[in-house]
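Labels A, B and C are assigned to the chains in the order they are written; within every chain, residues are numbered from 1.
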Amino acid sequence: MKLLQILIDGFAISSLYGLGAIGFTLIFGVSGVLNLSHGSIMVTAAIAAWVIAGDLGLGPYGGAAGGVAMAVALSLLTYMLVVRPIQTSSRIAREEKEIFVLTGTLLWGIMIQEAIAYLFTSNPKTVRPLIPGVIEILGVRTPMQEILTAVISWVVIGLLWLLVNRTKAGKVLLAASINPRGLTLLGFELPQIYFWVWALYGLLAGIAGLLLGAFLGVSSDNVGQLTASAFSIVVLGGLGSVTGSLIGAYVVGYLETITAYSGGPSIRTIPVLLLLVLVVYIRPQGLLGRR
Amino acid sequence: MTNLLEVSNLTKRFGGLVAVKDMHLSIAGGEILGLIGPNGSGKSTVMKLIMGIERPNAGSVKIDGEEVAGLPSHQIARKGVGIVFQHSRPLHRQTVLENIKLALLPDSLLQLFAAAHIEERAHEIARRVHLHHVINRLPGTLPFADLRRLELARAIARNPKVVLVDEPFAGLTAPEVADFSNLIASFRKDGHAVLLVDHNVRGVANLSDRVLAMYLGEFITEGSADHVMRNETVRRVYLGGALQHHDRATPVNTADELLRVENLSVFYGKAQALDDVSLTVAKGEFVSVVGLNGAGKTTLFNAISALVPSTGVVAFDGGGLDGRSAGQIARAGIVQCPESRELFGDMSVRENLDLGGHHLPDEEAKKQLDWLLDLFPILKSRAGQAARTLSGGEQQMLTIARALMMKPRLLILDEPTLGLAPVILEQLSKALEVLRQTTDITVLLGEQNVTFALPHADRVYVLEHGRFIWEGPPERFATEAGAQFL
Amino acid sequence: MTNRKSFAAIAAVLFALALLPFGVSGYVLGLLTLGFYTAVFAMSWDLLFGFAGEVNFGPSFLIGIGAYTAALLNHYEHWPIWACVVTGGAASIVAGLVLAVPALRLSGPYFGLVTLVAVLMLQNIIVLFAGITGGEIGLDLPDVLSIDDSNNYWIALTFMGISGAILFGLSRSAVGLILQASGQDAMQAAALGFNVTKHKLAAFCISALFSGLSGAMLIFYEGTVSVGTVVDIAVGVQVIIAAVLGGRRTILGAALGAIFLIGAGELLRPLGEASTFVVSAIALVTILFVPGGFLGALLHGEKR
């Protein structure tokens, strides 16, 4: 019974982790940016949905739509106000851009986190689930929302896969991650491509945040943890590799669930960190990363 | 007399590519050896192998009789090897004096304060390379030649037995070249062994006691500058067998201008890469810009494509291109195939081509694709393969085909022959000739391989040190400008 | 010479700071005391990033090791403070070496990553062994440096002054020059005969030593040690922001940035929860528009 519980819970949480990390890896793959405001964008989506659905009385669907829209808007702002100015600045030496983007997105993330805490307090909030209720799977009582989380995560991941591999626009994204200069030579405008990638990223992070808010609840205090877990997953799987990130998400999700069930929630993240250290030393490019 | 530098059976492979094969060379104290070869011949790799920046796969490097092959760079440096990199890499936040002092410091964690004699010696070296009047300035404020002097100063600071100099005269004016020659000659007088690495014999002939030529990683010949210049293989590598050109079936109307470049200049920091260059290309014309590596061909093309900032006028089809982005220029019809190819390595051949046709309506892209797969049949059989798994020649064809997918009005080809085997050159040559005879496309070709550049040219420009020094029809090239190329 | 002028200016500032306890409240002194220890963290970080070119995302790993080593020795073994502090610094060096020897083989973001993971590991281990370490709540120390605000202030100022002088001196010394060369262009530095790894490792050890010492001093000032004050990622983030804000590669700028951050955070306390928002916004605007940081802008302005 416990085993089945671990299987089900682990699957749902891993799918959610996968969705959260996939946007993070997409941005890194296409534009080389490690966005440390990732957790803030996820939390913003959930809190916005909670406010819109509850205080504004627009219901769970209105809340979901509003939350995702907020995440997209915030993601685009991150790009235009923080990342782009640093990338195009002539006063920052090229070899220092990376640390500046990291510091900049980090500060930006803290600003968002504090703004949320200030406006809505840092108390945990649970977004009203789209489908309430509980069902029993082989004797394990499982909330409908948990199943929905896994289903939506996989539908979105599937759609993303179709977009990247089966559409013209997706091919352009792929090409941008391999060789941006090549695209310029073929008459593409990179700033435009980056704009759309950030919008897409906002969409993914938003949906992930929303599902998290309904599944486990979120608070502005979770921001750092969320960014860190996306970061760990992506490093484990290989920076920039989408498949790697998904595998990483399942490794982390299950490892955490198993640890939590067997050893208690307090040591939940330790095995993951140990694995991460091991991977970074033995295979720094991650499980599926390219050197 | 023993040789200060003795290299034998040196071999280096990068993956499947053999960059250096069984090289041998030796230099005695007080001797200058010129190592020449065209771009991609492996001469820079030889230098890096001696310095320990790359580890050789096999072979021996002896400094004054002591084996150093495989040691890390800093240990080889301490055995007595100094290097002058082609690009100046000073510490930008430190003054000239500090930069020179750095080279004099011992590799110790405990010496917090530089000994007094180091200061003195740094001044002495600065005087020797004529930097004493700028000794307290930051490198960023210095002219290009002074940066090269600084590089030289650092290399000789430790009084190395062997000095390696990469392209000693690139980017320098004639008086500066004379000045540098004297400096390098003074190393010989002091008993150093000097290795000069350059593209052609002419660059190092005056200075070198001996010249060694290599091509595709292998030794060709060694001897006096005259001897090397007379060598059959060297002549074939640089000039091709016999210079030839094809006449067109229908002549081009040269009054009908497509591209006009006026007074174009480009600076990279302090170095002027392009100096007041003007050129025109008529509709349907094939124009070749020939020049050695570093002459400024790539810079010229990048300036036209707005990939680097420039001053001057670039007009295309009557309209100025000022303020347009690189992407807009490409969509307007100027499409470049860069030396570096810039393929999407992990995507298939077909996907690469499709991205080229992205801006065309589907119907038109399909037609263009079919035509190109006929022109380059090899790409058809490789359609599903990832671009990076193609051979060099196939990659080059894919680069050209991908550019042609955009239906360019002006196709710019930058060094398409770089590192390709002769049999591939022939195929490429045929494809170009088909384009020239059967389409109305305009081509601007940059090459150091004159044999490849001439047959397809209606007109030829010769670029040297960022300036055009000759312009004319290909049939006059051999007699008027050919001698420049050895 | 400008060197002499800036030396005089620094001496004047330190002298003025030393006189401060005669004029300001204990509250301000407490704040500055905290600022001084943070300043040493930031200066140590700058030596590693600004000079050796290595981005250490986990300064609080080194700080935390020093602090917890000292705390445990004091709490359980009742070692005297000075012995705890010295051992803390030594422990940081050892931990730094364990971390850096394999990590320096890694390039680019991976080095930063390992340092980040190290912090998370340390944090988890402390929480896991809560029985010994006090876990989330922390551990009270039997000894404190002093119960007098002014004494504490002077101790911190002296410590910062000495650490700053050593770190700054080192950055301007022959070794500092080699370190700069290793950080800016490792290939060139090696071609000039320098063992780049050796120098970077040394920089890591020095950075670790001062981070550890300062962490240990800090907890004996506060009388308690906890994850939130010396290990949490947020602590490390503050150190990095301080150094970037004050001006990288200046050592002294890092100190300036740290004192500013601590001061600004407190000045804005009336804003309540919005204060962190404002401080972060100021920091973000600074790195966007004045990437050289405070001291960078100052020096640049002087040059013009």
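The rule is short, and it goes like this: a residue touches a chain if its C-beta (ideal position, glycine included) is under 8 Å from a C-beta of that chain, and two chains touch if they have at least 3 such contacts.
The shown structure was predicted, so the numbers you read here are calculated from the model rather than taken from an experiment.
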Top-ranked pair of chains - ranking by C-beta pairs in contact: A-C
Greatest separation from chain C - chain, by CA centre: B
Cα-centroid distance, chain A relative to chain B, in whole angstrom: 44
Cα-centroid distance, chain B relative to chain C, in whole angstrom: 46
Whole-Å separation of chain centres (CA-atom averages), chain A against chain C: 32
Touch list for chain B against partner chain A, complex: 305, 307, 325-328, 330-331, 335-336, 338, 342-347, 351, 354-356, 358-359, 402-403, 406
Complex contacts: residues of chain C adjacent to chain B: 169-170, 173-175, 177-178, 180-181, 184-185, 187-196, 198-199, 202, 249
Chain C to chain A touching residues, read off their complex: 49, 53, 55, 102, 106, 108-110, 113-114, 116-118, 120-121, 124-125, 127-128, 233-234, 237, 240-241, 244, 248, 272-274, 276-277, 280-281, 283-284, 287-288, 291-292
Touching residues (chain side chain A, partner chain C) in the complex: 34, 82, 85-86, 89, 91-92, 95-96, 98-100, 103-104, 106-108, 110-111, 114-115, 117-118, 224, 228, 231-232, 235, 239, 266-267, 269-270, 273-274, 276-277, 280-281, 284
Interface residues, chain B side, partner chain C - complex: 51-53, 72-74, 77-78, 82-83, 85, 89, 91-94, 98, 101-103, 105, 107-109, 111-114, 154, 157-158
